[in-house]
Structure formats: structure tokens, C-alpha cells
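Two complexes are shown next, each including subunit A; its partner changes from subunit B in the first to subunit C in the second.
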Partner chain A sequence: MKNQNQPGLSPLGSFAFLYLSIIGVWVFSFPREVVRSSSYQGVWVILFTGLFSLVFFYLTTKLTMRFPRQTFSSYIPEILGSKRNRWLGRLLSMPIFIFFVIYFLFVISTNIRIFGEVLVSAVFHNTPLSAVIIMFLLTAIPAAMAEPYLLAKVNLFLLPFTLIPFLILFYAAFQRGEWVQLLPIFPIDWSTISQAIITVLFAFAGYELVVYIAAHYQNTDKAAKSHCFVILGVTFTYVVNYLSCLSVFGMDELKKLMWPPFEIAKETYAPMLLLERLEFALLIVWLVNVFACVSNFFMVLVRMIMDIYRFPSKASKVVTWILVPIIYAMAIYPKNFMSLMVWKGWVTMGHLTIIGINVILLVIAIIRKKKGSIKETGVEMK
Partner chain B sequence: MVMDMKKSFRFRGAKEKKKKALEQQFAKKIEDKVGDRLISREIAENVEYIKKLLGESGDLVTREFYILQDPEKKATVIYFDELSEKQVTQNFVIRPLMGWNRVDFDKEESDLWEMSFHTLVQAGEVKVETEMSKAVECLLSGDTILFIQGYAKVMIIGSRGWSGRGVGEPRAEAVVRGPREGLNETLLFSLGMIRRRLKDPDLRVKMYTMGKRTKTLVSLLYVEGIVRPEIVEEVENRLRRIDIDGVLETNYIEEFIRDQTWTPFPLLQNTERPDVVVAHLLEGKVAILVDGTPHALIAPAVFTQFYYSPEDYYQAFEIASFLRLIRVISFFIALSLPSLYIAFVSFHPEMIPSKLQLAMAAGRATVPFASIIEALLMELSVEILREASIRLPGPIGPTIGIVGALVIGDAAVTAGLVSPAMVIVVGLTTISSYANPSYSGAISVRLIRFPLMILAAIFGLYGIMLGFMFLLLHLVQLRSFGVPYLAPYAPLNPSDLKDTLIRVPWPWMNRRPSFFYPKDERRQPKESQHDSLEKGRQTKNKKGEETQ
Partner chain C sequence: MLKRLFSSLMVISLFSGLLLGCWDRQEIEMRMAVTAMGIDLSKEGYKFTTAVPIPQLIVGGAGGGAGEGGNPVEFFSVKAKNLSEAGYKLETQASKVRFVGNMQVILFSEAVARQGIESFLDLFRRDPEIRRQLWPVVVKGTAENAITKTVTNMEQIPTNFIRDMLDKGKRVETVPDFDLGRLFVELSSKSRQAPLLNYIIAEKDKYHWEGIAVFKRGKMIGLLKDLEEINVLLQTRFGYKGRLVMAQCGEDHTNNISFLPSSFSREIKVTERPEIQVNVHVKGKIYEKNCSLNLRDEKNLSLIEKKIAATYKEAAERLVRRAQQEWKWDIFHFGDHVRAYHPTIWNRDNWWQSFPNIPIKIDYQVKINRIGMQSY
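And then the complex of A and B:
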């Protein structure tokens, strides 16, 4: 009865899942960081970072497509180990798994912390940060326990709502923006761009989830196309975000603003709407984005741990509840905003490392001619 | 220590024993009393047994008489005074048997039983049984039973007939345009109404008897060829698992067969309207009717369909679509307006336009409570009024409700207990929750409103939004007989969107909703019929022009 509609991720579902995983809380500080690292060449930096990510995302997709219906916790030991000594593969892949777990924990906790910081600085001046964070985490718990395809459905459902902030940004750019602020665009200074790409790359972190989620695709062959659209969509979103902030504030002011999109909403005046001030509306709608991002990462983290230790599916509750205090502690740990930014730097490093790991794994898989077949289902399809 | 453990073991053993005994008692109550007892040749013995079994009930009628005025041929008729149609028993059983219109009867050659069965008893529905349990069951359902001396069997004459309510208008699901007939407490009447609307030989009606003591008739309806067989199978399986002493309403069954117990949302739809039942059967669903209640259960259900009124299909599609939009808006108002009020007043006053904010602040100046207390007070009193107005006798009910709300609201504002804005909020919320065509859907919204208000009081809009996320996660996980509860939105299927927020005209609705996995997907041939109709109309017009 339960298996009647093939419960996997459709291409649209995987698009929503990955898109929302990438666009998390990073959007808030993104324009500032772009301007700081690349001065007037922001658009090029974003576009090139998008291109860069596209290439690596494609390579990661290639890797997952070699092992359809298998999560990385089953194919990494296969790539590294040999058929005789299965334990060797598991032993060699253990450090990678541990790295993944730590990286995911970092992503989740930084996301929650940054969103909490934004909330506290914007509205809840008297509410303790920990209360905001706990509330967020508690809501994410049922998401973490959910089946992957159900969470993809939630993502798909939320996707239209996440476009609302961009409507506000568009509106603001038309109302208060000036074309002159966007200039100059040329000449292209390659050395600045190449350095800036490394800094901006953090905003594209999130498509790593594909190494787990690809196992749950209905159709692995169509994955590459929807993945391309993910990166295109994300790049477009960031460009819109950046350009509208730049057109409203100009370069010099943008460098000093903490959360530029948020400031834009403050500047905007919408007499037609029922609401007088839009900034908190923007923030609340953005909550949807952050929530989707955090719950996606959280769910994959839980599933990953269960896969690695081969827990039965009932254990997801236990694993989730064990992880909650850890994430909370990590989210609350950075003493102030500066140390939080250091953590964010680590996330970027982690992202780069994971890109590297995936590429190396792909190369090894190609050299050793390791390939999974559909018959060998690593994941039990539910 | 060891002693304690032993004791506890012994204690547990005793508990187990008691539990077992209770179980046995439950099983014994009904079935074992009669058991496999067969009917005796002696009338007196049978009658005595039945009388004793039914505890010498005052409403049990036993009539002893001689067949064809022959004192050697004793017979007895037993029936319940209030359950059976006395006309049938008297005119077509007792009178011919007693030989009012005397027939020639060759005493030696004919068998008395065969004779009575084939000629004398003139009722339409007669069957012969040899088990006492069957006889008692039929007697309790309103049939008349006939014993004849010397025969170890019983004749059961269908004479069920009791006074029921006439066909009335469904009170909870009124429509402006559309049939006004409602289902009836008597199952057979209801089935008749459905059969009359759906003259399909594929309509299947399966009967069950449920309730160890009530022996309630329950019927399962579906259209074979449309409905997915797995759904029928699953419903049947779940129905078979029910083992309870009484089934008085469909909710007894609903709570047994729904997929998940802990959810405020209704996982099965119920309706009082035969036309709605037929419409759902045609979408590939299953209906469950229970004798004794006019409410039919429909399974599987999806969330959005609780916001569809039967009238949507009886009215012009533009109007229907507009009304659906109104209902969606009213859903959100009923769900979140009080919590939004709390959030805006206590956390984000800067978001509302300043003039309104000033006015609201002026209204709230005299209010001594926090906004959450104010809102809870008002919401609770409205809920009390609502509950009271249902119990209030007849025509006074709604009047008292309105007067109560107006008077109390006005007095509370004048006394400075609540702000005028709060009264507006509560009024809008209450009215909006009545815009929901389904009572079970509306009541779940009423329930969820309160946690949302508390969340809003603690975290403002942030809390409300997190509450919505939680609700969404919950809704996505719900299933009704294998059908995703948020269909057709959450697993998105473009062809199903024709009958969602907007309803397209009937000629365009070629397919049945795909999320019920119907075997027969098409409602009508693909546009061809429509096209030919259009063409026909055009040619007619042309001809008309030519003749003119």
C-alpha cells in the first residue's frame, strides 16, 4: 500500500532540495562580502564562481551517477577498498565520513547562529539568542527525522515562497536604485577575481548533499540537467541580490553594511501594501529559506550517520535527539560575531576540501573502473 | 529484594489472568450465549429458550395458533413489537396460516412445512434456518420468526419496519444550488438514494455487521473499474480488524481505520449528501455508510478537498473558482489572524501603518492585560458561545449566539477589558472559520489556532512562521490510505491542478484526479465530444443564418 507511487525525488524535487540547500542564510551577508573581496568586479566574481561551481557540481554528479541508488557511505568504501578486504575500504573511508559529519555540523550550526544573530539584532532585542536558536532547532527536528522524499516535497512546496524576498528586492531596486551605482564593470582584473572566488565560494556550499540525496532519485540519468539548473538558479539569485543592493547603496556604503538586503527592505516604502515596513516581513520569509537549508543538511546528517553505522531506520529519532545538543552547543559557542565569521571561513575551507575529495574519488573510480549497477541497491527504497 | 521481585511477578501474573478473564468475558457475552444451539422440534422449548435469552422482554410478542384450524398443528410466531411491520406479520403470515381463506389441503400427502413455505406464508422475503443464533439475530433486527411443531427449523419472515426520519435537508452542508436531499439514518434508504443517482452495474455494495452487541449494518461502496483495487482491499482489511461492542456513528469506524491517530486533521471525509458520495465514488474513492447515522465516510481524503463545496461543481466555474479563493483566504484568517494580531501588537508594531497603529494603541490604552491574555479570553468566550448556541433549544440558538457575541463584545470594549481591534479580529476569525464547507476541517483549524497564538506571544512572527513550518512538515507526512494528504500540491501533477484553486469548466476536466490512482482515468473522451458539440452549434447557427 505504501509503495504505490514510486517515492523518490523527481527532477523538480531535487532542484528544489539542492537550490534551497545552497541558498541558506548566506544571502544576508553576501553582497557585502562580494564587494569587499572584489571591489567593482562583483558581477564577474559571482558569475565565475557559478561557473566554477558548475564544473565541480558536474563532476560530483558524474561520481554519483556512476553509482546509482547508492549513497556515498556505500560507494566510498567500494572505491577505496578491494573486494577481498572489505574492511580496508571502510577503514580508509572512515576519515572522509568523519570529515563529512564535522563539516555538516559546522554548516548547520553556523546557519542557525547567523540567522539567530540577524533576528536578535533586528527585532528580538530582549530575547536571549539561545531561546531563538533552541526554537529553530526544535522545529527542525521533525524535518530531520523525515524521509528524504518527503523533505524534498516540503522543499518544493516552499520554493515559491522563497521568491517573495526577491520581489521585494526587485521593487526596492526599481524604487531607489540608480544605474550609475552599478558601474564600472570593466576592465576585468583577473588576479582580484581569482582571489575573490575563493572568498565567495562559501555561498555555493550546499550541493554536497547530492552525494547522499542522489541515491533517492527516481531517475538518476536526468540528474545532470536539473543540477545545472540549480547552479544557474543560484547564480541568478545571487546576481539579482548583489545588483539590487549595489544599485541602492553604491559600493562604498555597501562595504559597511552588515546585512545589505535587510537594509534595503528598511529603505523601501510600499504604500500599496498593508504593511508599512517590510524588513521584518523579508526576514520572516527568509526564515523559510534558512529553515529549508538547515533541515536538509540536518536530515542528510542523520541519514548519513545511520548509514555509516548501519542503524535500523527506527534509530533516526535517537540519532536526531543526540545531535540536537551538539548542534546547539556548536551554534552557541562562538563568543561574538567576529569568531562566528572565523567559523564561516572554516565552512568555506570544508567546502573546498569536499570538492577536492569528490574529484579525487571520481578519478580513483575511473582509474579502478569501479561502477555500481542499478541492481545493487545500496539504499532500501521506501 | 528477591521476594519483591517474586511478588511483582506474581502480581503481574494475576494481572495477566484478570486480563485474560476479561477478554474471555467479552467474547462470551454475545456469541457463547447462544453458541451452536440448534432449533428443537418442540415449539415450547424454543419459545421458552428465546424468552429466557431475551430476559422476558415486555416488547417481545409471541403468538401461538393452530395451522388451518387443526389443533394438532401448533405454530408460534415471534416478533418484536416495535421493530417489525405488524401488517406483514398479521396479513401475510398469521391470517393465511390460520386458514381464513381455506385452501384444499391433502393432509396425508403434503408436508406441512413445505406447504406453509410455498403457499401459506405470503410474505416476499422468507428464509429457512436451523441455528438458533441466526433466528435470534434476525428477530433482533426486526424480522418475524415462525416455528412449527415437529420441525427442527425456523422460518424467518422479513418484516423489518420501523419509524424513521423522513428525508431531510442536510443541515451542515447546505447549498444554494443543488440537490437538497440528505442521507438518512436508515441505511437502506441512503443506499437507495445513492443507487438512484449512480445506475452503474459496477457499483459494488459490500455489507458487514459490526459491533458485538449493536450488530450494526455497515456497508462499503465503490465503483469497480474506477477505484484502485488496493484501496478497497486496504479499507476492507482495516474494517475487518474492528472488534468493538458497539458502532453508533461513522466516527467509531473513522478512528479505527485512519492512518494516524495523533493528528488534528481529519484523514477521512464525511458527508451527509448522497450527491457528494456519488461524486467521490466517481473520483475513485470508497464510501462507508453506517446504519443509524446519516453521515457517510469517504476514503481516501486529501487536505484540499475539505475546502471544496459540492456547490463548486453546480455553479458557473468562474464563480466557483472565486469562492474557492475566498475559502483559502478565510482558512488563513481563521488559522492565523489572532496570532498575527498578538505578534503585531507585542513585537512588531512598526510594521503596521502608523495611523492604524496609533488607533490600535489608543484602543489598547485602557486594556489591563497582555495581548495574548486578551486574545485568549476573547477566543475562549467565542468558543463557549459557539458551543452553547448548539445546545440552545431550536430557534433561540443562533439569536443568543449573535446577541451574546455582540452584547458581550460591546460591553467588554466599553468596560475597557478588551480593545476594539481585538473584537474585530475575533469576529473575523469566527466568521472565517464558518466559511469552511466541511465541519471536521473547520474544527481542526479551531484547534490549531491556540498553539499558534501561544507561539506568537513568545516569538512573534518568528514563532508563527516556525509553527507553519511544523504544520507543513506534519501535513506532508500524513497519508490517507496511501494517498499523500497534500496532493495534488506536494507531489505536483499539472493535470490535477485543473480542479484545485480554480475549477476549470466541466468539458475540460477530462481526467479523474490522478492521486487516487483510478483504474479508469478518463471522465470523458479527450475534447472530441466537446469539439463536436461546438461544431454542431456552429453549423446550426450557420443554417439559421442561411434560412433567415
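And then the complex of A and C:
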């Protein structure tokens, strides 16, 4: 089972891929969403949501570990079908695949649209939204066509840059933050927290991609550890983001801010006037974040469609170009920011459904003793 | 191969063309940077005055710009009902696109401040160009005069004088650090609601920091001028070290000891009733002494420490009395402390109503670290 010579993702590569897929565009509005849903209990909400995600991520990892070197488009029919009637499994798994496709389309288009909204409302007032969206899509196309392990390498390359906002946030909190604004966090109000977890869960969506990318791991056995670090890293990012925004603005002000991390950079005096306005440094880095998230989802979507229909690998270009207008239409569709927020609710629901499906599949696989191995299925890597 | 390279190069150049964001292209020569804005009352509503520096007339070195007698700053005044109308009317007077991203100071005349400044803040929030670091200040008289009539010798652009003065004051902790961002936070937070803006008087050739304008929500309710009281406010609310404090050390009024605080800590205790007890510890050094008191004597030293503490405490009592009786408003942020550390009390009482009757005690403990040389 252990074959280190396969060209595949190292644990660090999978960390970068999944971390950037989760973070995405949500960091921009995250502190506001947390405060809106949970007032001062935000830290607990983030920690418990992280714990919740950790459990389900672990279960999903267990599922992928049962079928090393297999993507979900090949093992889901295997779990649901029987050896004699292979078509039965394919038929039963079709609704699941369609759901995956729709969900991925939603995630990609909401990400692009929200980032477009950030740019148009904060920097480019006169630039049409469609220009931003088209531009973004065009840059994501080469990434979507790329081989999975290559894209993971790109993710790994981009990862260090995404640490820059931490510096700015820490600096801002150090410069302008007040302890008083963070309190009181006790007593813990469980009913608020449990409701808030549902609304905050959207920010942890993205680790579903593991059902595809795990097939390209060098070594599936080691996956659980790096996956734990993914959730820890994401939770830490969100906690830092939330606490620094809250300490600077306080709860009531935070509710009124459209993009709190952006405002926090505005509030901060740049050290030694290196950059007069720090917010653009932040924006550039987050552009990288969103780009990585969108292209990861896009790539997995393309590969998934190709797997389901058993297209040759040359077809990735055609599939990508067919998807571009669909994503564009979906991204441009929401009338305003309010309806965009409704879409975000759907993303949360989709995320919940997908982790639910994964858990059910795991249970079925355990009951039916379905297990894949490299010898049986052959190696999918090229 | 060459064809492939060529086509990919074409695609890249096309992409980068889009990346430039040409819709928002703005020539730097074609825009005028507003550095300050003044707001006054007028019959139509408000009168807005903006100051725009003319880059050609601002000289960095020995150039003769000033010699030509031109004022390096151009002023525009419009009467309007609100800020957006003012912006629109301003466009009709100017040859360039107005840019507010460099605005450093907003001057409210005292009359406007007393009427309420909250209505202006909505646009300041919405416009992403507006810096959250700019200084909102209250000026005596009209803001128009403060912008247009003063010609400072130290700064070519007079309103930059105000900014530099306040920036410096913030650095040495002698003026409240209250920029626009803090004003937003203050007015949003339900437990704060007491902005303190810097109050400035315009003179012929300079500006003069007069004190702190005390606000109740968006309305100015008073002016704090006494330096000792300002000291107490800066210490209890902002945790600043505060300025110089003097204590008499001889029979004569001219024989004084000046004490300069170097470190400072405070501790706020709230009882169930509620009662507020603030313990302040100040450490510092003797800055000036013009009496013959021997400070090497332990007894004399503790006497001076007690005298300085008494000076502080007296000012604190005066300030608490003013806040509770004259303004009936929590300017110390005690309410915020109660909200954070005693949420049950905060939820139980209506803080703003009960504040005037809450017993507040501020006690000072002063320690002199360095007495310096015996020179008198």
C-alpha cells in the first residue's frame, strides 16, 4: 500500500490544497456573520464549529481511506451497487453526483460573485461587476485544466503569501485592540451557540474536496493527521480574524461593517509609512486566497464530470469551457447582496447534505464490508 | 511551437489589459485632493467649506512659489442640505475630480456640534475612500473662518497643522486619540456613547488646542478646559499617563514641584449595588523643583507624594461632579467596564439613567521614582 514513488500529493501539499479550499472568500465577511448570529459568544461558536467539522472531516477521511487511489466517482457506485449488477450502483449514485455538481457550481459562483462585490464596493467603483467576474473566471481556467497534483503544488506555493494578513491583523489588534471589547464570553449560552453554528458552518465548507483529491495522495494512511491540521489551521485563522476585528471594533460596530478585515486595515497606521493604506496589501493577498479556492473547486468539478462520463483526459479543456458560461451566468444572477446571502445559506445546506451523504456512505461501506485496494482497481494516476 | 508561444503571449497580454481595471483609471493631475472640510450651520441647512492644496504653489525647498504671492490652498464653499448635495455642488465649481481619500481633518463648528453630528457620519461610513484615521475636531466660531482665515507659518497647508498637532499629541499622550474610526465605534457601542473630540481655536497664524469637547451621543454637551481634569479623564478612560502635575511645596505660589508621570496603572472595582471604586497608581519623577525642600528625607518625599495624589484626587472629584451633575453622562466608560465584567448588572440596570446617582470614588497613589539632583 505504501508506495512513495508515486507522483502524488505529499501531506503538506494536501494541507495547502484543503486549507486554501476552505478559507476562500468567506474571511471577508466572517467576523460580521459570527457577531450577528452569536453576539459575544463568537469564540465558542468558532471553536465548536471547528470541532464539529473536525469530526465530520475525520469520518470523510475514513471513507476515503477505505478506497485508496480511488475518487468518489468510482467508489460511490461500488458502495451502492453489487458486483453482479454494476449498473445498479451507477444508477443509485447518479443523484449524488448531480447534487455534487450543483453544489460545486454554487460554491464557485458565490465565491466569485462575493469577491466581485468586495472589489466593486471597496476599490473599483466604476468597473462593471461582469468585467471583474469574467476576469476572475478567465484566470481560473488554466488552473481548472491542470493536473491535480500540479494544482496542489501551486497551492503550496501560494500558501506562505496567505500568512501576510495575520501580520496585519495582529499588528492592528496590538495597536488598536481593547480587551474590554472581547468580553463578556461567560456565561455560555448554549441555545445561541447551537443556532449560530449552523449559520457559521458555511465558512468551513470546502473540505468535501477530499473525496476527490484523496485519490491523488502519495500515501492515504497519513492523511488523517494532515487533515486534522487543516481544520486546526482554519479554526485558528478564523479565531484570529474574529478576535482582532472584535477587539478593535467591538460588537455593535462590527455588525455595521461590510468587510471588517478590510476596515481594520484602514484603521491601522502603517509602520514607518511603508504603505500609506494597508487595506490594499490585504486585498491582494485575499485575491490569492479566493483564486486558490475557486480554481480548486473548478478543477475538481471538471475532473469529476470527466470521471463520471469516462472522458479521456484530453477532454478537460472542452469540459472547462462548457462550464465557464454556466458559472458566469450563476455568478451574475443574484440581484443584490441580499439575495447573494440567500445563496450562501444554500451553500451551507449543500455542505451539510454532502457531509451527511459521506457519513451514510461510510456506514453502508462498513456494513457491507466494501473496501478498495490498489491492486483491484488499478492506479488512476498518470 | 513558435505559433503556440505567440498565441499564448497574445492571450496573456489580453488578460493583463483587462486586469488594469481601466474603468477606474484616474489621472493624478486630473484630481484635486481635499485635505480638510469644515461644516457650519446656514439657513439652507449647512455650509460646507473644503480646502484643496494647489501642488504647483507648494514649495518644498528654495523655490519661489510663495514669492508669487499666491495662496497655496484653494477654498470652495457651498451651502447644502447634506454632504452628498454639497459634493455635487462642489463639482460645479471645480475643474478637477474631487478626491477625498487624503482628507485629514473634519472641522465641525461648535454650533453644528451642539446640534448633532450623527447625520454626517452615514456618508463617511459609506464612502470607502474616506480614511478612518482622519481627525474630526470641533472649532470655536465658524469652521469656514478656521479653514480660510488662518495662515500658519510652520505649515504651508494650514489644516495639516491641526493634523500634525493632534498626531503629536496622540504620540505623547496629551490629547485623546479620537479619530473618525473611534468616533464610529463610540457611537455604535451601546455601552459607550460618549465621544470626546478635540476642541480647537483658530488664531491668525496658528491653531490652539483648547480642550476636549464632551459629547452625549452625537451632540456636544460641554467643554473640558481644565488641564488637571483632562489629566484625570485621560487616565481613567484611556489609560494614558497624563501630563505634568504640580504641587505647592513652600508657602508661596511660585514654589512648586512638578511631577511627570512615567508609568500608570488603574483598577476599576464595581460592587453589586453598583458602586464604583477606581484605584490609580502613578509612578513618575520630579521634573522641576523650585523650593528648598530636602527630598532625600523619606518624610518629605512621602509628603510630596501625598500632595500630588491630593491634587489628582481633587481634580477627579471635580470631574466626577461635573459628569454626574452637570452633564449626567458617563464620560469615563465605566458603563463599558460594567458591561464587560459584570454583565448581570449591565442587563439589570438602565445604566444611562442610573449613572448620575452611582457613587464613584477615584483614589490615587503616587510614587516618586526619581528625585533628581538637589539644585536649589
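What we mean here is this: the second predicted complex is superposed on the first by the 371 of 382 C-alpha atoms of A that agree within 3 Å, B and C clash if a C-alpha of one lies under 4 Å from a C-alpha of the other, contacts with A are read in each partner's own complex, and residues count from 1 in each chain.
Quick note on the criterion: a residue touches a chain if its C-beta (ideal position, glycine included) is under 8 Å from a C-beta of that chain, and two chains touch if they have at least 3 such contacts.
These figures come from a predicted structure and were not determined experimentally.
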Contacts of A:Ser121 with subunit B and subunit C, given as first, second, both or neither: second
First, second, both or neither for A:Glu263, with subunit B first and subunit C second: second
Contacts of A:Asn336 with subunit B and subunit C, given as first, second, both or neither: neither
Which superposed partner A:Ala281 touches (first subunit B, second subunit C, both, neither): first
Subunit B versus subunit C as contact partner of A:Met135, first or second or both or neither: both
Subunit B versus subunit C as contact partner of A:Ala143, first or second or both or neither: first
Contact residues of subunit A, present in both the subunit B and the subunit C interface: 123-124, 127, 135, 139, 277
Touching residues on subunit A, where the partner in the complex is subunit C: 121-128, 131, 134-135, 138-139, 176, 179-184, 248-253, 255-256, 263, 266-267, 269, 277
Touching residues (chain side subunit A, partner subunit B) in the complex: 1-2, 4-5, 10, 12, 119, 123-124, 127, 132, 135-136, 139, 142-143, 146, 150, 153-154, 156-158, 274-277, 280-281, 284, 287-288, 291
Partner subunit A, residues of subunit B touching it in the complex: 228, 230, 234, 347-348, 350-354, 459-463, 465-466, 469-470, 472-474, 476-477, 479, 481-482, 484, 486, 489-492, 517
Residue ranges of subunit C in contact with subunit A within the complex: 15, 18-19, 21, 23-24, 125, 128, 131-133, 181, 184-185, 188-190, 192, 333, 336-337, 339-341, 343
